Amino acid sequence: MNTKVTIAGVEFQNPIMEASGTFGSGMEYSEFVDLNSLGAVVTKGVANVPWPGNPTPRIAEVRSGMLNAIGLQNPGVEVFCERDLKFLEQFENTKVLVNVCGHSAEEYIEVVERLANEPRVDMLEINISCPNVKEGGIAFGQDPKAVEEITRLVKSHAKQPIVMKLSPNVTDIKVMAKAAEAGGADAISLINTLTGMKIDVERQSFVLANKTGGMSGPAVHPIAVRMVYECANSVKIPIIGMGGISTWEDAIEMMLAGATAVSVGTANFYNPTATTDILAGMIDYLERKKINDINSIVGIVK
Amino acid sequence: MNTKVTIAGVEFQNPIMEASGTFGSGMEYSEFVDLNSLGAVVTKGVANVPWPGNPTPRIAEVRSGMLNAIGLQNPGVEVFCERDLKFLEQFENTKVLVNVCGHSAEEYIEVVERLANEPRVDMLEINISCPNVKEGGIAFGQDPKAVEEITRLVKSHAKQPIVMKLSPNVTDIKVMAKAAEAGGADAISLINTLTGMKIDVERQSFVLANKTGGMSGPAVHPIAVRMVYECANSVKIPIIGMGGISTWEDAIEMMLAGATAVSVGTANFYNPTATTDILAGMIDYLERKKINDINSIVGIVK
Amino acid sequence: MKIKETATVIHQEELASGIFRLVLETKICDYAVPGQFINIFPNDGSKLLPRPISICEINKEYGLMVVVYRVAGAGTKEFSELKLGDRVEVMGPLGNGFPLEGQKAIVVGGGIGVPPMYELARQLPGDVIAVMGYRNDDLFLVEEFTDVASDLIIATDDGSVGTHGTVVDAMRENHLTADVIYACGPKPMLKAVAEYAKEKDIKCYVSMEERMACGVGACLGCVCQSTEKDDHSHVNNKRVCKDGPVFLSTEVVL
Amino acid sequence: MKIKETATVIHQEELASGIFRLVLETKICDYAVPGQFINIFPNDGSKLLPRPISICEINKEYGLMVVVYRVAGAGTKEFSELKLGDRVEVMGPLGNGFPLEGQKAIVVGGGIGVPPMYELARQLPGDVIAVMGYRNDDLFLVEEFTDVASDLIIATDDGSVGTHGTVVDAMRENHLTADVIYACGPKPMLKAVAEYAKEKDIKCYVSMEERMACGVGACLGCVCQSTEKDDHSHVNNKRVCKDGPVFLSTEVVL
């Protein structure tokens, strides 16, 4: 059976990645998961310089999901290259997607250029959809003109293929997908988190120091499936689908809706072997259904 | 202790309503709940003529929520007045909000005019946010200009105060709230359902005949709280908050975020006494916190 | 009168592969009639919607109600793990039951449509012929029907027991006639039974199934198409939960 | 080595009002040291995140681990209903434990910070003085500390037992000194203990608390402010779950 999928010329041994920010650079979860068995590791968002992130509490639980307001804490691209990319060198079968964040176009470009000659970087995921930072992030991702522009700019500086990561906090995701495509994106990934809020009724104050946070987990899955479906039927570039995937059924659902590959995020937090468990379940499903090539289920539900 | 709240001059004995479409006109739940103890009954969306709604399946379960694609099946405003409004006459302590739907401005106006002289109608909730009908509904609710226009038009024909019901499927809910306010809305209510999708992986087809459905239930609550908060800090007109309220904590959270009243929808399906249970819990909370007037918690978390 | 309450599990056993018999202590049985159903709610907080399950047996004396269900997904899986003394939320009785008619009745059940016919067969005033369809020889409730029906005819898809084929094949084979037919099972079976009834000019009641949310007629989720304009929405849609689940076969589009 | 597995409940009892002692059979105990914690996962599918709970007692011989927790919300409420034989998902051991140091140590626990000091007191090589703070006379683990500490000093907020006041009031009252202090409890208490230690020039370890998601250092949810740039993100943030929960009192901003 073939489980290989190809996105922008990069071949993945299988369509399972973990979602940026939920897995570090893989180091912490390597005690539970053989990173070499994943399609790709998608690293935590990295900026040109270290970012301290938001004050705590940064985490809140909601029903069938969670809110986070990490605020893209990261050590900056230098340390990232020296430590995280170096660590990832040993996992030869697995591709590496580096998630890139910035407050401004210049900052994105600085990171992209620094990564240009790093052989371990197979693809760049450009995060224009983080709801937890004041400038940059989601501001880029909610206006189609800005999406197209930043895509074009990043693309012109990038050596590796670029995946634009879209925000679900928009009226029409198809418009954003088309803007990314028009700007020259090699692929899109969605969804990033939905902006939510939790108030502690006893303390009469916000649970998160940042007031709002990004919602993820199974609660957002139906919205993610809908958006992946809408995009798959609007653009020709491939889609990496994510949002609440925690079982193999969720992953298959996302592929049937039109995703070529899928990322697993929040599920890692309650099941550290979620990625490999999901992959095993998908393979069982394909065998049971006598499907020889995983690519043949992509987007077949119309 | 005062539990009375006032919206657009209409006084409600308490801030608990049930959400349109989840309670019929109250008849079916009157075996479980004394309708006379609610702040208001909000009726299922009614159009100028009977609507058959969508094909089945219309219901799908998702984690901590559900999808529905009823498609606004309703008997038309004539039957509604003769049967449902008549039934509601006996509950004198409870206000009646009639939820109005239409495919076009003309259809909304026809309903609003038919209801103008019905004494049992205390307020109109104008549904410009239903994701389950092809024309009308959400199309009005996703464009600020359209929101303002339809609000102005309905307001000019309405005898009762109007509440504009907003869609959460937008980039910036504040813009929609301001548009409704500019159009002359007496209040806004939010959120309607978030558009979602579920695919049956065994049958490789959509679970809902309509493909997409509106997501409701606890899963959407953090998004609803965030949006109510954003609107409360953007407009001066009062807000009826809803979306996933199933416990008294959820209701208090919504009021702390800025809602003057709250609606309970999906929770009725798994707890037919959800409305009165929630009211009892809220009163306990206020007593425990020695709060004499429920109005004093509205929007105090900033 | 409808009740929502926490019922206590008195007994549970697996009757056939994946088919469970659950005995609940619940006041619902005081008001229940055959053909009605109850909503059972998963305890797991992520599964909100009711699982509608037909009433299989009512024991008013002891306040007990029996349901028989197939493990179809996560909710029924959870139910199958309930043990003596466990507690589970239930609501009912819901819908309208079968009118009890006729000197001679045929009760027809297919698959998981078998159980609701049992209490009906017990309560019918006249002679009862039971026609039950199963996939294979993994039968259930056979003794029960043997006790209450004057005749029990079995059909299996694989021919391992009784007639090789459907319940309608079995009815034809046995040239069955009666004053009234009651049927519960998958839609194609209901359609075939309704056609048989029409041919033989027998009155026929069918029990329908649809995805539900409220279970009480409020949400309009569970409609089936009716041949005439319905009283509620005036649009040829009947609510399975409130106007049904039992309908005259001529009332609904099968 | 960290493990995620399904543990079996061996015993549960309520030690004081709302304070439960849960004994689990889990392989985690093979690798655990005092001061580490485990993640316990609710069985309810709508509650996804782990509940971090400190290890109170390790019994490697029988493969048992004891945790003591307070019912604080829905997750711990669910745990409090676990009975012998029930199964629950756990992950651990997580974080770094207390370094075992000194000829004479003071172990300080406040409220639900009391339990983690027990296994520490058992394993410390030198003399141990235990100083435990409670709200009122609803004490717990007193016998246990009496057995393992050379002295047990109690402080209560309402003065019903021991010193009327905080653990630090009790430490001052008894003019306590030692080579090292270990403390777990609410942040204001940790701050006061750290100040006492500084005054007396005693090395001091504190165990910190923060909202967590992954528990393994991946999500950056649980950071506390560190006095120096941290090794991981280079931004004065240490991860409680991975770099802690035990820190030198001088390493972190209290």
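Just so it is clear, A, B, C and D label the chains in written order, and each chain counts residues from 1 on its own.
Throughout what follows, contacts are C-beta pairs under 8 Å (C-beta built on N, C-alpha and C of every residue); 3 or more make two chains touch, one makes a residue touch a chain.
This is a predicted model, so every value here is computed, not measured.
Student: From the centre of chain A, which other chain's Cα mean sits the farthest off?
Tutor: Comparing chain centres, C lies farthest from chain A.
Student: Please tell me the distance, in whole Å, between the geometric centres of chain A and chain B computed from their C-alpha atoms.
Tutor: For chain A versus chain B, the centre distance works out to 34 Å.
Student: Hey, how far is the Cα centre of chain A from the one of chain D, in Å?
Tutor: Taking the average C-alpha coordinate of chain A and of chain D, the gap between them is 35 Å.
Student: Please work out the Cα centroid separation of chain C and chain D, and write it as a whole number of Å.
Tutor: Result: the chain centres lie 55 Å from each other.
Student: Provide the list of chain B residues touching at least two other chains, using ranges where the numbers run on.
Tutor: Residues 63-65, 218.
Student: Residue numbers in chain C touching 2 or more other chains?
Tutor: 45-47
Student: Using the definition of touching given at the top, classify the network of chains in this structure as line, ring, star, complete or other.
Tutor: complete
Student: Spell out the part of chain B that touches chain D in their complex, as residue ranges.
Tutor: Against chain D, the touching part of chain B is residues 63-64, 218.
Student: Which part of chain C faces chain A closely enough to touch in the complex?
Tutor: Against chain A, chain C makes touches at 45-46.
Student: Where on chain A is chain B touching in the complex?
Tutor: 62-65, 67, 142, 169-172, 194-199, 201, 204-206, 212, 215, 218-223, 225-226, 229, 244, 249, 252-253, 256-257, 285, 297, 300-301
Student: Quick check: in the complex, which residue numbers of chain A touch chain D?
Tutor: Residues in contact with chain D: 21-24, 28-29, 31-32, 44, 50-53, 56-61, 63-66, 68, 70, 73-76, 79, 217-218, 266, 268-273.
Student: Tell me, which parts of chain C touch chain B in their complex?
Tutor: Per the stated touch rule, the residues are 1-2, 4, 41, 45-50, 89, 91, 210-224, 232-237, 242.
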